[in-house]
Amino acid sequence: MNFPKELKYTRNDEWIRMEGDEGVIGITDYAQDQLSDIVFVEFLVDVGESLEQGKTFAAVESVKAAAEVYMPVSGKIIAVNEDLPDAPEKVNSDPYGEAWMARIKISDPSELDDLLDADGIAKLERDH
Amino acid sequence: MTDLSTSLKIEPTVFELSSPGRQGHSFPELDVPHAEIPKSLLRDDLPLPELAEVDVARHFTRLSQLNHGVDTGFYPLGSCTMKYNPKINEATSRLPGFANIHPLQPIETVQGAIGLMFELQEWLKEISGFAGITLQPAAGAHGELTGVLIMRAYHRARGDDRRVKMLIPDSAHGTNPASSAMSGLEIVEIPSDTRGNIDLAALRAECDETLAGIMITNPNTLGLFDENLRQVCDCVHEAGGLVYGDGANFNAIMGISRPADCGVDVLHFNLHKTFSTPHGGGGPGSGPVGVTDELAAFLPGPIAAIVEEGDDEEPPLYGLVTPEKSIGRIKAFHGHFGVMTRAYTYIMMLGGEGLRAASEHAVLNANYLQARLRDTYKIPYDRICMHEFVAEGHWEDAPDIHALDISKRLMDFGFHPPTNYFPLIVPEALMIEPTETESKETLDAFADALIQIAEEARTQPDLLQTAPHRTPVGRLDEVKAARELVLCCWLPEK
Amino acid sequence: MFLPHTDADREAMLRTIGVKKIKDLFEGLPGEHLFPELDLPPGVTEMEALAELQHIADANETTGELISFLGAGAYNHYSPAVVDSILRRGEFYTAYTPYQPEISQGTLQAIFEYQSMIVALTGMDVSNASHYDGATAVAEAVNMAYHNFRGKRTKVILSPGLHPHYRETVHTYTVDSNILLEGEETPLDSGPEALIPLIDDNTALVAVQYPDFFGRIHRFRELIEAAHQAGALVAVHVNPLALGLLEPPGDFGADIVTGEGQSLGIPLSFGGPYLGIFATRQQYVRKMAGRIVGETQDARCQRGFVLTLSTREQHIRREKATSNICTNQGLMALAAAIYMSLLGKNGLRQVAELNFHKAHYAAAQIATLDGFELVYDEPFFNEFTVRCPRPVAEINEELLSYDILGGYDLGQTRAGLENHMLIAVTEMVSREQIDIFVDALAEVAHD
């Protein structure tokens, strides 16, 4: 399982890459593997909306499962990856690169302390 | 689309069989003067196919031959109760006196129909112990929604609007939380304990004044009768909540246990499971809902009732009435009368003794299969089961074989696979419900096939992973179906 | 009764299980009240059951015995013999939902064809595999529109022209939500435009019926434009038979089309099972509830069909599903597919025209009678509203002695419609029978 070192992670398998006070969010390699072939990505927020940590901003679907994607930290949506809904398979092939989902301006940097680092998520006890 | 257009076709679609100028059915000539039709109202074109009657008959006959039904073979789908569908049901439901009556006719002209509904209501009440019942819901899930709406109406009528929480066991069918959510309730999942019962401690922790109720299935989807059913119901009642029973597994308990006697307040039946009405390839079903006396006033209307008592000379007059605090209609007209006549025929033929025998033999068949398979397949809750049991479709020493592969391979032996991946609490679940209408020979053949497949899993895993081999089509690309949506015979214009 | 078990079978099975008798299998069951005596009539044989059911059926007066002018959402149409003969094939009617596509291609392809023909008929982009009936299809349209706006728009405008049963069902479904239902009290003699003032930026959906419950064919272009300008969706509920003739809603801007498919070869059957039609635009396909069949291939490049977009549904989404629907009306959708294939483009037009012309003939004749008056000016399809000189219930009671089933008493549905009868005329009624009806009306016009 691939968990790039420079990212931070949630227990729900979202990742965030910090770029100044902005963050880029997506779902992890483990998540795409569990869901298997992704067929649909839907953004449930509009650009400009602000959401709290833990709130749903997107949904992904595979043939056999559907999952919500939550905000790793609170922030305002600056951009969503408009290309992704037309190419959902990118979530499987490049979950950390081309399949970024949203770019946010974070509102409370202290929330980043709640998140796991690459080692932390690699060691996470999984139910499966 | 170009990909799919090169695929080999087993049977063309009606559009592919169409030829301009053909018509499969004609009507008599017009015998009244033409009235003027305003041109602006008319459609330009009607792009329906054009086929001769013989082509339509042949096409749909050939399509039918691609299907597996109960009439062609064993169909052990857990919690679906794929029992034999008696052909007499098809004859009685088609009697012109039932098929050719309009739902809004004056009641005096349809006393047979309303009387049948009334008697079916009484029989279902007797079988379940409930005081009130509606036959209006069109399916099990529809009955669930009805039941949840009744529960909410009951609490609202008591002036209690804090009750927004519904408890649902982790083994529940997806329609349970979906129905609760449709009614705006918050769902809290209750885990099962190691014996497959509802975890009482977890339940007690949630029994507070926000509790609307609990939705239970009993026997549950593991095929087990909850050993603490009474405590579950008492706990919920003490907290002021109601107990909803999902009647999908009623086939295990007819004439053996009545849900109302156990503390259930509202329950839906599945006529298309327990009471032998056919599944139709995905409906129509019928989901009557039974309730306690306290909840009867909230039932959706109309329901069949005696509106004028009879005497020695005159039969009673049946009519359709709406209960005084009814939640209202949940569909148009009265419900699936065509399904009711089939269930009515079945119950009439079996009587109380026959219904009990049906449940007893459903349980016998399930336990027999479980006993034949327990040495080959892991049975996580290994005790006497009810009408169904769950096995794990996975072995440590065949790590690449999953429940899906076993299911696909079963088709090569002429069986419909059991339910896969449900309940969610058993990994690689195979939920097996034989029903009572299967012979020992059929059960043995099925067990033998499963045992052979277990062997193949170790020696020829490839055979399973590429199964099925003897069906009209092989494994279908479901990812392609979802990623490249083709939902009708030609792509819609953009 | 349908048990194959012999005593020898039972013995062998019990031995394998390891118990002595069947009752032992129930030993673990908790509690009291086990093995209750069920107070039901004793079981009977097939022959006896048939005789009894025949006796009960005989107590009903059918559309074979009465000349029927009763519609109001369920119609006496002719169902060609091929339809029922296919429906009686066990491979179709004893099959389950096609979750295992490899052995369900018959059901799946038939539903795919049904979906396609509904798309053709309605002018929309995509159809699902059916809802329970017209009423629940309308309720699901309300649900869909609400979820489309993620709860940010809470108003739904219901035309007073929608069938009362459909509107009541929507009320029942939405009682625990924050959805506001408006529009039903709008005067009946104002057109659809009367709903325009109710549309605002809180409106999720405007729902209308075509032809409406009172038989009238309205023009909806203005209303639909106003709705779209405000960002709201429009659902048009249809009688699919009328679409054999009339411009389809897909051509005049509908976002959702619902329908009652009973008129496509499905018997009256005292109210059910019927067929809920549901179609929408491509962009909303994922918001649509219910099963959908899609085309795909297997590894050998053979065309095949599967249930697709299943992750919207309850068995995966559970409480996050937008609807709880599971079993639908599979066999009825098959019936409609066979009916539409059999009639085809010309046959469906032909039967629609028969309905239209016969209804207009009847209306013209009734309009000449003293005391009877056609109420509305709008064009109509096969149903129209008549003001009668006496209460409809009384007229209908007298008509029964002429072996005529009169039209629907609209006085039951709305204030101000006392003595109004809704009369339906289909291809099943001959000119002679219409003349008999008209003469009978003349005779019963006065007490």
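Here the chain labels run A, B and C in written order, and each chain numbers its own residues starting at 1.
In this text, a residue touches a chain if its C-beta (ideal position, glycine included) is under 8 Å from a C-beta of that chain, and two chains touch if they have at least 3 such contacts.
Remember, it's a predicted structure, so these values are computed and weren't measured experimentally.
When every chain is reduced to the mean of its CA atoms, the largest separation from subunit B belongs to A.
Central chain assignment: B. Criterion: smallest distance from chain C-alpha mean to the mean of all protein C-alpha atoms.
Taking A-B and B-C together, the chain pair joined by more C-beta contacts is B-C. With centres defined as mean CA coordinates, subunit C is found 43 Å away from subunit A.
Work out the mean CA point of subunit A and of subunit B, and you get 38 Å between them. Separating the centre of subunit B from that of subunit C, both taken as means of CA atoms, is a distance of 20 Å. Residue positions 478, 482 of subunit B each touch two or more of the other chains. Multi-chain contact residues of subunit C (touching two or more other chains) are listed as 316-317, 320. Contact with two or more other chains is made by residues 39-40, 61, 63-64 of subunit A. If you check the complex, the residues on subunit B that touch subunit A are 421, 478-479, 482-483.
Against subunit A, in their complex, subunit C makes its touches with residues 150, 286, 310-312, 316-317, 320.
Listed in rising order, the residues of subunit A touching subunit C in the complex are 39-40, 42, 44, 61-66, 68.
On subunit A, the positions that touch subunit B within their shared complex are 37, 39-40, 61, 63-64, 88-89.
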